[in-house]
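Going by the order they are written in, the chains are A, B, C, D and E; count residues from 1 in each one.
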Amino acid sequence: MSILSNFQVIADNFTYFMIGRWPAGPLGGVGLTLYLAVVSCILSFFGGLILGLLSVSRHRWISWPSMLFINTVRGVPLLMVIFWMYFLLPALFGKVPESQTVIMALTLFTSAYMSQIVRAGIEGIGTGQMEAAVSTGLKHWQAMYYIILPQGLRNMIPSFVNQFVSLIKDTSLAFIVGVSELTHVGTQINNRTMAFPTEIFFFIAVVYFILCFAFTSLSRWLEQRLAWRKAI
Amino acid sequence: APPADTLAAIKKSKVLVAGVKDSLPPFGYIDEKTRTIIGYDIDFINAIAAKLGAKVELKPVTSASRMPQLQEGNIDIIAATMTKNAERAKVIDFSHTYFFTGQKFITKKGTVKSLKDLEGKKIGTAKGSTSEQNVKKSIPTSTVLSFDDYPQAFLALQQGKVQAVTTDEAILAGILAKAPNKEQFEIPAVQISDEPYGLGMRKGDKNFVDFVNKTILEMEKSGEAKKIYDKWFGPNTQFHLQRNFKIVADK
Amino acid sequence: MLSYQFDWSIILSGKYFEWLLSGLKVTLQLSLAGIILSFLLGLIVAVMRMSHFSPIRWAAWAFLEFTRNTPLLVQIFFWYFGSYKFLPTAVNDWLNAQSFEFAAALIALTIYTSAFIAEDIRSGVLSIPKEQMEAARSAGFSYLRSMQYIILPQAVRITVPPLVNQFLNLAKNSSLAMTIGVMELTYQARQVESYTFKGFEAFTAATVVYLAISIIITFLVHQYNERVLKLHKAA
Amino acid sequence: MIQFTGVHKWFKQLHVLNDINLHVTPGEVMVVCGPSGSGKSTLIRTINQLEPIDQGSLVVDDMDLSDKKTDINKLRAEIGFVFQQFNLYPHLTVINNITLAPIKIRNTPKKEAEEQAMQLLIRVGLAEKRDAYPAQLSGGQQQRVAIARGLAMRPKIMLFDEPTSALDPEMIGEVLQVMQDLAKTGMTMVVVTHEMGFAREVAHRVVFMDAGTILEEAKPKDFFCNPQHERAKQFLNQLLTPMHGAGALCD
Amino acid sequence: MIQFTGVHKWFKQLHVLNDINLHVTPGEVMVVCGPSGSGKSTLIRTINQLEPIDQGSLVVDDMDLSDKKTDINKLRAEIGFVFQQFNLYPHLTVINNITLAPIKIRNTPKKEAEEQAMQLLIRVGLAEKRDAYPAQLSGGQQQRVAIARGLAMRPKIMLFDEPTSALDPEMIGEVLQVMQDLAKTGMTMVVVTHEMGFAREVAHRVVFMDAGTILEEAKPKDFFCNPQHERAKQFLNQLLTPMHGAGALCD
């Protein structure tokens, strides 16, 4: 019962949980979490597409280095990637705000995973389609563009949505470098109030769950619809 | 890369970016109603910015992240309970001391009388702080657990995961004052170091350092510095502290 | 980076080397314990998820969805800071006397990973063509016997590679334990950085170690795929 | 041996078996043919209850399948089933594929089971493959092992669902040969197949199905030389164009 | 039209094509047969360079395939290829499957390309399916669309790799009929197939391959009535057991 009354701390800070210091200060909380996830998702879609296409290239000197890059990124914890970006970006580009550092790190990391989705999607189409296309005289890139990618991308949509869910969860690591997304905001409030960690972290977990579960369900629905469309 | 002359750069951009703590009352924390960062450190930054005719942009930092942030040019100045010491002074420049305290412990009431009582115990503090380095030196037998910030360490103390939290007395007092069950804890009279706080600026950024020093000396003279102290620590607060230092030029 | 002075000697011997080494040890301890526990829990949840008794199936489903759709970091914080309220005092005291931060990280990693493992096991079972069950039933085996002799042995073989991948993820995810003060590899690398300002060297060392772990495990999976799976694959 | 009486079956709306009446006597070889989707597989799968029937009565080897008390696993052990896709257990060697059921269900000692298995392997001409895995065999070889596996329980009835249609043309012959040899031993067999040559040479009776109904039931000679139904004529024509079937079955 | 001279090809160790010498004249229909794995597919796929050759010379339509300067895409546009698994583009309608290459490669205006496509669809008897998706067609219909797609570029040569072996038996006839009609128009065709009836009725020449080598090359009549090689006899026997092939091809 006392637990219930303690959720007052959530109500008191609800706006801060949702939008942080905005509009007086920068956007934070759930708003920033979604912003980070959406921007990184869009960027890593293209990053993944490019990396994926490079990694299925017929030329070894293209596919090899890209596979090396992909597997290196995948072999390292996201936390490490964030620290690296945190180090390297300022050295390369000078002043870079943390939220952009985090976006870069998430993009790099997620692109590597997305590229595997793209790769699997392309390979899932089977060699028959490529052979049929080039047999009619289409060039390799034309076959890719008109035949393989349209089918592949459609099949990849559910995996992309799943990857977006991972991204939402991964934005929580931005906390480490002091970007005030939802988890960071939660620890701030926890630090200030110092008496309701159970309530605060449970609440945060529920917020993440609502966001992620919505997209997980979407992905499942898409997957079913896709299977259904294939079976027409 | 960061500007060579920060002072000139700020005068041009009219924005002063300061790295501050955001959950460490009363130095820097989020005000529940306005959702803005306020505190002792912030008031100093505001005064300096006013003098510059610049707007303030506050960036939350942690003990571990504040120096890299400064060096990379993400912030112009650190006002984040930062202790001046020789090692750090090799990497950045400090202003004159704008706050003075000493490192102590917060413990469950009656459990610690002297430093001896802490031997072999688990002690919580913050990552990358001088407190962490000091306590490792003065009680080598203890296990030091480092958190992202002091309130987290205090939470661990409340839950029995550590037996003491150590850092600067003023911070401990701030935490204790805000704690929901403060009557169970105390700050025993065990001090392991002096902690003079300085504002941090990039190494060799002479114009800016001089300007900041000049400003805070003026604040001392005009009584504004004392007013800020009293606002956050004085008799009308939960702390009832007397100011036992003055801002003076370092030798 | 222009003015940066590289100094590899700092991390290759002496105090800071020992820090990193002790960090690696904790990372390995956390990973190994996590692997064993999460496999056991994952197996239990997978069986529950396939149960014919719907309340059990639903409970397993709710558990899976909730753990998979919340960040590991939040779960770590929840167990570290939030669990004392509902754990019995005796348990709390006992855990505090040990190393609560290690225990909390282990619990969070185990629960988080077990959800993924359970799903891998389940899809391994579902991936066995239904004709295999039909063939077994046609020979006169009961449902349970068919599972025992025909379906599960194949499912386990198929599930090994994704399982190993989850273990790899677990090893990488163990880096998040640093946030609650577990002195594992990433924690120590960061520690070296804040003491020496030689972050580049420290992070390189940690990165190389993580990569080595990944490469070894990936290589083993590859060998397994080549040697075992190819031979046993349905035609 | 097998007695269908007024058997019906539906998949949702789809009436896949419509009033089936059929009697297979001991030692008889019956071939079932018909266009795709006509219900041939469903028919044969009801005999060992891989598909339960919805209406009517089905008695197999004196056991009534509509009776709940019938021990279905016992029944199935008396019936060998050979699938189009072979469905060998990919994780077991050839010999273990064959001995698994005798050892686990009949409790035959391992040694004895293996001796019997070797007899069967010799019969299907694959003695040297005893320790190979299915993935290492050609399709024709896999199907012959599947037949041996089906025979290992010494069944009274053997069912075949298009046993050659997943095979390369040159391998079809070897499987049909094994089936012909089996028929000569007096085994009761029901075979769904498009191999009309086999039907003519080996079957005692041919059943033609369309849309869930048995349209014709005749001696092979009568069926091929003198089909009664328009649908059957058309089916045979499609199968036996000079280009494709390469000749008449009726002579 | 197609001239193989001393062509060799290896997959790693495996010698899949061993000294192939073969000449296909314009308007000729050539059937290639042989056991599984003998290299038939590889042979036919070298003609449009889906498989490059390792040694020897291959000249197709006066273009030398071993010459690096030969524009391979141009060559392929002159050759239609029909696959065992149809390989229609599942995301495009029938009409778009057929018009894609003419529009994208030949820059044929869309309207004109569609008119030509409709002519082809009428020829293969599927005019009413112009807006269907491949998944909505039966296997036989899909293969006929695939043939129409192959013809859309007005090729000089058509290649078929086992075009009927993925089809249900009743559908094989309709595809063979379309191919026979095509042969009558004087198209140069190379067909890998096991349909010996088709070979006897339509082919001008039959090539028998084994283990990467061409063992026989003869008129259909000679090949079926009087095969020279032991291996060819055996192959024909396997294919034409009374049970399976259901009759002799030689009469």
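Brief remarks on what is shown
We take it that a residue touches a chain if its C-beta (ideal position, glycine included) is under 8 Å from a C-beta of that chain, and two chains touch if they have at least 3 such contacts.
The structure presented is a predicted model; accordingly, all values stated were derived computationally and were not measured.
Note on connectivity: the fewest steps through touching chains from subunit A to subunit B is 1. Across the two candidate interfaces, B-C and C-D, the one carrying more C-beta contacts is C-D. Look at the CA centroids: the one farthest from the centroid of subunit B belongs to D.
Distance between chain centres (mean CA atoms), subunit B to subunit E: 81 Å. Taking each chain's centre as the mean of its C-alpha atoms, subunit A lies 20 Å from subunit C. Centroids built from CA atoms put subunit D at 52 Å from subunit A.
Shown for subunit C are the residues that touch two or more other chains, namely 81, 84, 179, 190, 199. Residue positions of subunit E with contacts to 2 or more other chains are absent.
The set of subunit B residues that touch two or more partner chains comprises 68, 148, 152, 155. Which chains touch which is summed up as A-B, A-C, A-E, B-C, C-D, D-E. Residue ranges on subunit C touching subunit B, taken from their complex, read 81, 84, 92-93, 96, 100-101, 179-181, 190-191, 194-195, 197, 199. Remark: subunit D residues 35-36, 138, 168-174, 176-177, 180, 194-198, 200-202, 235, 238-249 touch subunit E in the complex.
The touching residues of subunit B, when paired with subunit C in their complex, are 64, 67-68, 91, 124, 127-128, 133, 145-148, 152, 155-156, 159-161.
Those residues of subunit A whose C-beta lies close enough to touch subunit E in the complex are 128-129, 131-139, 142, 146-147, 150-151, 154, 230-232. The touching residues of subunit B, counted against subunit A in their complex, run 1-2, 22-25, 29-30, 32, 34-37, 58-62, 65, 68, 72-74, 148-152, 154-155, 158, 175, 178-181.
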